[in-house]
Structures are given as C-alpha cells and as structure tokens.
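For clarity, chains are labelled A, B, C and D in written order, and residue numbers in each chain start from 1.
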C-alpha cells in the first residue's frame, strides 16, 4: 500500500505544493539553462501561484462566513504567499523576482501542529536556551581572543584580528571544521583540542535541553488530546479519576486512512485498539463492522495468541491504542473493566473469530 | 509586541551592556581601519567603562548599607571590570590595552542564575564527567600511538611524532575533521573509521550525562522555587502533604513583563494560572483586576471551550501555570480543590465572561 | 572465554555470512588486482551464494511443512539473495555482476528483532520526525537562498545558484564541513555561524526524538517479553497484579550460551537470577544443578556478602535477573515472596554454600 | 581551596602518575630534540617505572597477606606495567622501546569504578548497540556502493573502488567531513546530503541508547551504594520498607576531603546532610563536632532561612545529602521522622545556632 495517504495526514496538501515551487525557484538560478526550460519553470511558479490565489480566496470566504478569529497567522501567510511574488514580479522584474517565491517556505507553518509545538518548547525552555547560548557566546569570544593572541604572529592572514579568530572559533566549536583556518603553533593546537571538547559539551547541553523539553511538551499535548478523545469511548467512563489519568497517559492516538490495514491475521499482537471516530471492518468469514466506542484486538492480549483476523479501516479512522504493558496495568487497577474486556474476548472467540 | 521586555527578564542589563563593548574590542583588532573609527570605538569602550564604574560604586554603597555578605563574586567581578581595563590602559598601552576589556565577559556570570546551575550540574556529575574524559584521553593517546606507528613511514610530515598524531586524533575523535592530516594507508583509514565511531559514542555518553544531570537539577531547582511561590496562593494550603508535593512538581513558574498578554480570547486553553505577585487585568466588558492568590484560565480546562477573555499583565507578574494534564490529576487526588475551582468557573460564567 | 557464542545470540549466522561476501564485492572493485585474486574472490561469492541457495530451499520446505504465513519478508529476502546475483551474472556480466551481490545487505534484516523495533519507533515518531525534517528543509532552503544572495557576487563558482548554495548549506547544517565551499564575505560568515548553531539544535531535536522514542519502545517490548517469560517462574504467580506489573518492569532478560559463567565466587553480587529455560550448575563442593523456575544469587542480596559459589550455564540458559534495588522494592511490596527468598537463602547457607 | 584533594577522590594517584609518563613517551617521538632532553625524558620514564615496580611489589605482598582473590585485573595490569617496558627495552631497543610504556594507559582502569560501570552499560545495551552498529554498517556499505556507481566515472581517483567510496562514506556519515573526497555530480551530492542526515539519525540513536543505558545503570548503582551507606544512619531504621526505598533513591552520596567546607554561613540551603563516616565541625561560637549517624543543615529546609553556620570536614567525610524536594516528600510519607528532624532543628535554634 502506498505511503501517500499516511503522509497526507501529517503534511497538508498546500504545504506539499510548495515543494515543486521551491525546486523551480532553485532551478531558475542555475546559470546555463535554455530559454524554454526557463519558461517551463516560470509556468510552474505561475500555476502554484494560481493555486495559492484560490486558497486565499477560499480562506477569505470561510473567514467571513464563520467569523473565525483565532487563526490570524493562516490568513497572513495566505496573503503573503500571493502578494510577495506578485509585487516582486511587478517591481523587481527579471531575473530576481522568482526568488521572492521563497515566501512559500511559510506555507508548512500554516496548518502544521508541529511548529506551534516547537514554539511552545522554545518558550518553555527559553531561560535554559538563553543560558546555554550565553555560555556559547562567552566561550566563543574568550577562545577567539586567546587564539588571536597566540596565532596572530604565526598566521596574520587567518588569525590577524578577533573577528577572523571568531570565524575559526565558531567553525571549531560547532565541530564543523572547514579546515580553512587551522592553528599552527603548539599552544594554538592545544587550545583547539579544548575548544572541540567544549563544543561537544555545549552540544550535549543543547541536545539535552531540547530533548527533555520536547519529551515533556509532547507528553502534555498527548494527554490533552487523549483526554478529549476518550469522551468517544463510553467504556472509560467507568474508571475512577486516578485510573482514568493513568489510562489517558498510556493511550496512543493514531489516525489511519481509509483502506489501510490496522492489524493483520497471524501477527503477534502487542496492543488493542479503541475506535474514536470512523468505522473499521473485521475480515472474519462474515465480516463485522465496528464504529465509535468499540474496541478490538483485545484477544491477542488476553490469550497471548496471534491476531485471529485482519482489521482494516473502512473510513478515515481515529483510534486509541493500548499497549499490552499498559493493558496489564489497567487490569490490575480496574478489575471491572478488565472483566468487560475479557468477557468480550471470550464471547468473540466463541462467535466468529476476531483480531 | 517587542521581545525586549521578555529578554530583560532573563538577561540583566549590565550583561547586555558588555555585548557592544566586546564587539568594539573585536573591531579594534581589525588591521585597516581609519583613525576616526578607532577613536569612536575607543569612546564606546570608555562609556561602558564609565557605566561599570558607576555600577561598582552602587554595589559598594549597597554593600556597606546592607552588609550583604553572601555574594562575593558580584563585587569581585565589578572590581575587575573597572580595574583590569584601567591597569591595561596605563601599563600596556596601545594597541593591546583594549584586549583587556575582555574581562567584561565575566559580567554575564554576575547576576545569572544559569551559571550557578551549570556549576552544580558539573559538580554533581563530576565523577561521571571525569570518567568519560579519562576514556576520551585514553582513547586519544592510544589512537595517536597506533596512527603514529602506522603512518609515520607514509607521511612523516603529518604523523611523524605522537604529538602530531594526537592533533589528528583529536580533530577526528571530535568529528571536527579539518582535513589537514588524513591517513593515507589502508590500515590508517580503517583506524580512522573506528575513531570516528568511537567519537560518536563518547559524544553520546557526554551528551547523555549532561542531559540527565541537567534535567534532574532543573527539576529540583524548580521544586524549591515553586515550594516558595505557593506560599502566595492560599488555595494550595488546603492540600494534604502528598498532593502538595505532586502539585509543586507540576506547577511551572513564569514571569511576565507589564503589558504583556498572558492568554488571548478565542485560543484553545491548555493551562490555568495562579497569580503569585503583581496584578493582571481581565478584558471583559467591565474589566476585572486580579491580584496575588487569585487564579484564572480555569474555565477552558473545566469546559474545554476556547478562552473567553484576554488577560494581560498590569504590572510585572509572577505566575504559576498548571497544565490541563496536571489539573486532571489534581482533581482526582484532591476533590475539594477541584470543587472550588469548578464552582468559581461556573460563577464566572454566569457573571461577566472570563478566560 | 570467546565472545563468539555471545555474538551469535544477537547476530544470526546467515547475516554474519553476508559480511565476507560484501567484503569480496568491495575488494573486486579495486582496479589493480591479479586475475588469480579476482578468481578467488569470485569463488567466495559463489560459495556464499550456494549457502544462500540452501537456506532458500530450507525456508521453502519449512514453509510448506508448517504453513507459516506471518513472515513474508524472510522468504522475499531469501529469494532475492539468490535470484538477484544470478540474474546479474547472466544479464549484466563482468565486471559489474558482483555489485548485485550487495542485495545480501538485506540478510541482517531477515531474522533481526532490531530492525522491526526500529521500524516501530519510526512509525510511532513519524509525526515528530516529519516535523523536524520539515524544519530542516525550510531552514536549508531559506539559508541557501540567503547565502546565494550574499555570496553570488563574491564567489560565483561556489554560490552562483541556489542548488550550489544548498550544497554548502547541507554540508554546514549537518556540521560536516567539507571545506570546499566557504563564505568569504562578513555577512556570509555570520550567516554560516548561525547555520552551524541551528544545525546543533536540529541535531538535538532529532537525537531527542529518537532517544525517547527508542527508550519507550524498548521498555514496552521488554515488558511484553518478560510478561511471557515469568510464566516459567511459579514463584511470581503468588504476586498480586500491581506487584506483578512492578516486578515485570524491573526484570531484565538475558540469554547465556552453554558453558558461560553467570556469576563468579568472590564477586560482589548486585542481582539475583531466575531460570526460565535451560539448566545451570552451581560449583559447590558437591555441585548442584538448577532448572526452570529455580532462582539463585539471592544470598548476596540478603546478606550483602560476596558470591559464595560460581554458577555457570550447562545448556543455553534463558534467565531473568533482578537487581538489588528492585529486590528491595519487591520485599517492601510483597513480604510473602521476600520471606520465601530469605528462607531459601538461609537454608542454602546452612547446606553446602551457594552463590 | 585547591581542587586537588577533590580530584584525588575520583582519580587514584597511580593513574595520575601515568600522565607524565605518557607525555614523556609522546615527547620522545618528536624528531628534532637534543640528546640532553632525550635523556631527561628517559629518566622520567625510569622513575615512573620504578614507582610501578614498587606498586607491583606492594600488590603482591598484600595479595599474599590478605589472600584477595576477587581483583585479578589489578595484578595483571601491575605486572604488565612493569614487564612490557622492561621487555621492550631489552628486546626492541632504541628508539622504539619507549612506545611500549603506553601500556601504562591501562593504569586508570585498575582502580576506576567508572570503567566497570561502562562495561556493564555496554553489556546491558549489547543488543541495541549491535543493532545500531549493524544499521550503520548496512547504510555505510549501501551508500558506498551507490556513491561508487555514481561517481566512479567522474572522479576515478576518489571513488574508483568500493573501499575508496567507503572511506568517503564513513567520513561523511560520521559528519567528520575531511573534505578530501567530495562528490561532484548532482546525484552524488543529493546522496551526500541524505547520508549526512542519516548520520545525524544514527548519532541520535547511539547517543540515546548510551544516555538511557547510562542513566539506568548509574541509578541502580547509586541505589546499592546508598542502601549500604544508610546502615550508618540509625534514624532511617525507623522508616517502613516503602519509605525506605523512596529515601534511598533520593539520597546522594558525597565524599569530602578533610578541611573542605561543606556548607557556608549565609548561603541559601537547598539540602541537608547525614554523616555516614568521619567527623564534621560546626563553626558556631563554641564549635560542635558531629560524627557518624548525625545530621545537619536541616534548619535551612525547615525554616527556609540561609545557613546559620559554616560546617567543614574534620576528617575525610562520607555524607548522604537529601535535597529539599525530597525532604518534603519524606515529611509527607513519614511524619514521625519529619517530627524528629523538626524538633532537632528547633532545639538547635534555641541552643547555639547551627547550619
């Protein structure tokens, strides 16, 4: 099965449209190109511009109709995507007008949920990030100063001023290492070795801050989303508040495009699924359809046997999956629900077999 | 709204002042520069020096008045910031005296809370950091020795001694890769490949130690700060000790400059706020002001609807925010507080709407 | 003791067999090589091809016999490993046919449990990985555009088009730093510095996502495996559901080849072992053999003394180890089991001493 | 105060002794050096060799006396450190005999607790590390093959065989980037970009595995050590098993050399200390000495005020520190102990003031 339907869930169509546009912009800057190719590329830009014009119109109409006030960036991006290339074409002219189509780089920000997430992480960790960046700056300047003092006599053309030495320092501290400026004296090389090790340390701090900030924010975001989704699964309403918080933490949301297989007969099953929205079909001798609130895949967890049937999505389906590890935990903290799930598994086993 | 007031919360003014000074120091070392520019840059240094002289005076006066004994580094940094450039001007003279203004690099350490944090992390992880550094050193020397033996015949000018081979080893182990010394023999290149992979491993250990050390220390520091802040929110006094520890772990402190918007009408709300210090104003038809101990933003968590009013800071405000995920947890472990917050939300909804 | 038996547990034989084959493929491409060496290498390829042909036959027979339907990739890989080199030999001919033996790179995927794990991690984190990759792409294009505008006048041969500038950008953003294209203008170098720092940040996000995704998936996988393994240890059946979940989280599975020493007399012992499958022998004056369901090494945890006997594997042994820290936890939450373990330790101490 | 006594706790003297020896070995390989310097360096090696001979003698005597059987590597390292240089001097002769002193690189492994820790982490994570290394190998070979096919026509001297292309691939995949081999074709550069991104991903996996493996192993090791140390603090014997496990997790061991200041009057105190071994002196008007089992620094946690006295180590002291966050937790789970600590704080406040 093609990966495209899955991709479309994560990357909206209008963002994907920007990709050929930007490739055309890039291609147009290559020097030796025939006039015909040039024209074809300009046509690509024109078509995409047209599509974005339509999108702008649609956004404006919708906006008027629904009086949506909470997504100002979307409309700003839509306006810029149309206006900037137009203005550049009229005012800047050939050959540089096409560069201004790079404003379409903003399109992925328009509907993405990842960029706001990234923004929140940066805001949460602002203090620590500013701190590490300050350390980076202090080390950078200090190192450049020392390198300048050590090497200015040896290689005046490479280390003859602090700005030159800073260029070397940033290239080294980030472990990029172009190799255009290299200390020659013994002291300079010892310094360089220390700089590289500091670079690894600063790297580590940065990665650590971003990684833990990312993890925490994603966990919180998942919690809020799951909290809203479990409203669609009546079974969970029987849980007490503490068990509910636990289960909401453990669930993992998943959106599956229509037609995709969710679990396949014969596989070992390590999770069960709850349907939040949409319908799935269970490929038993006489196929069964399950809708919102239903669950499936529990038999593999209860009995430990492989999946007994293939389940696939009839429509776009929003699921919550519960891993075997968390299912055991759920059973231990809420025997009542465990009982319901076990009973269903047994009934289904007696009845036509199911995943 | 400008980002400057936010920046000022994290980076003190006197540290920001060092930036233009250091830029001037750097600029003064560039060779071809007119005498006029040189004078202007020297003037910049003089002005900043003057400002730091004033700061020193202020620190000394305050010190005498308040008999503060617990921040010796601040006064040392203030004295050095004034004395070192002066001494250099008198003793070293042109053109190198300006280099000594680099002592202002210490200014960001003066009021920063990040540098002491970093110090504590390094102290906590000393054993592990020394361990990994020892591994780094042992690998470095061992690799240099082998590379020297392998390549000394092939390229005596690059690998003709262990110190030369160590230069290559440190450049490679840190994945910097200047490209000035590259093994040519087959054995040398296999060794180089292994060195690069070890480099990634040592990198990983270092990053892992710093990242987990950082995370733990920040969590502990946040706990202590929150523990002090919740004294300003009477509501929390009703919690039992276990729930209190939980909530203190979940709260996140935030300082907002006067005039900044804290939450905006129509946004989806994923957290509520408790005011610790300062006052906020709620932009309802007849605006309401809330002071220390009050909370707001709870309606979005209780009802799941978007924010019903914009709230902005009247003064500099110290807030504690509670994320939706942790709010649910609070509700499950302390029904009494959940009840108070829910009631307030309902009352406010009946009354003029609020965030 | 040789490391080979341990290696074989993690890397299946047929994957190891691919290694000499691929080395031969690589060697065959080196230009100056005698005809005799060439023939010898081709013979190596032929032998391995023969071995894979046998493996294919075996897989096909087994498949028919057992009607296994849940591992289609294995058979596909086996077929490709035989057909692709054969087809290349017949259709492509010398000298390039040997390159097609690179299809054997797929062999390690065949039986590995690590590749499916990696696949699940990538699937779980798809949203975040696509997000960071989008950020990477946006930054890459934006930076290349700016570098092109800044440097196209200075170095047209290096930055004369956006594709050329993108080459520089990707080399710099990944902190690889070949040094073939380096900005010369001041603005270009400031940009380069910012790019390197962004590179570290993107690096950090990526590493953070993969690291946490990895950690979570491994923990869940371990849980499921342990859950199945503890069925072989009757002692654990006495635990209540909550304690059982705890203990399953704490246990660590380990497979030991026949003949290997599990714990050595005189060592300090920080964990005890439960035998799931196979037999171990305890080197006391009159040696004891323990089989599935037995445990050993508990005395070191109860008394804090060094191991009192060496224990080694008689057959391939599947063990679950419990660390001292988790043993204390087990004792605190399930006094009954603690009592059993303590009693056994005392009895054994009275009787001939044991680990 | 000097950092040396602290360093000595983590790095044993005989390992520090190896450093000058190895520096001398390195220096001896530099070509233009006077005979006198050469002799002096050889003398350094001879002195260190003598010291290691003494250490060997001591180890052998101790071994006979105490019949220690559990540390065979120590004696092997001691023997090698003496025998290898001697054999090299007799058999290899000038100038290469000094290279064999590099066997002293093993000395840091002799008493280090970090190397065994590293070994355990690598053993625990063997499966995952082998997995990622396999991925690395597969990607490396695959990429080298493709690069060879793409670039062999363009730059036969750089990419003319798979081994040559693998050299480029490993330099690029590890983001080292020497810049000696750079793809020139468009396809080759696109491949290179993909390789760099894969390199970051593999980096991330590696770092993630090592980081989490490290964190877990250190936590377990700390638990075991703390579990042994709390035997020295009678106060903790009153805790129930669950609270004891919690507190053992929270405590942090620390060794302080004689004379060092543990906490300083006027500082803000965020942790309290329990004395396990050795004695500390409290600098109150009439100084108090505290020995094993005592605690101090609790007043700052109970009252939130700055430290009221400076406490320093009289002998080498082994401490357990408890952070404010964990102290609050302890108070909430064990009111009895909280009461004892609070009472002591109040008594001490009435009596001569203390930290």
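In the analysis below, a residue touches a chain if its C-beta (ideal position, glycine included) is under 8 Å from a C-beta of that chain, and two chains touch if they have at least 3 such contacts.
Computed from a predicted structure; not experimentally measured.
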Copy pair chain A, chain C: interface residue numbering same or different (half cut): different
Selected from A-D, B-D or B-C, interface repeating C-D by over half of its contact pairs: B-D
Distance between the centres, which are taken as Cα means, of chain C and chain B, whole angstrom: 36
Centre-of-Cα separation between chain B and chain A, whole angstrom: 25
Set of chain B residues in contact with two or more other chains: 163, 175-179, 203, 207-209, 211-212
Residue numbers on chain C that touch chain D, as the complex places them: 6-7, 10-11, 15, 22, 25-27, 29-31, 99, 102, 105, 108, 112, 114-115, 117-118, 133, 136, 163, 167, 170-171, 174-180, 202-203, 206-212, 214-215, 218, 252, 266-268, 270, 304, 306, 323-325, 328-329, 331-333
In the complex with chain C, residue positions of chain B that touch it: 175-179, 207
Contact set on chain C toward chain A in their complex: 69-70, 124, 126-128, 130-132, 134-135, 138, 141-142, 144-145, 148-149, 160-163, 166, 172, 175-179, 182, 186, 189, 192-193, 196-197, 199-201, 203-205, 207-209, 211-212, 219-221, 223-224, 227-228, 240-242, 244-245, 248
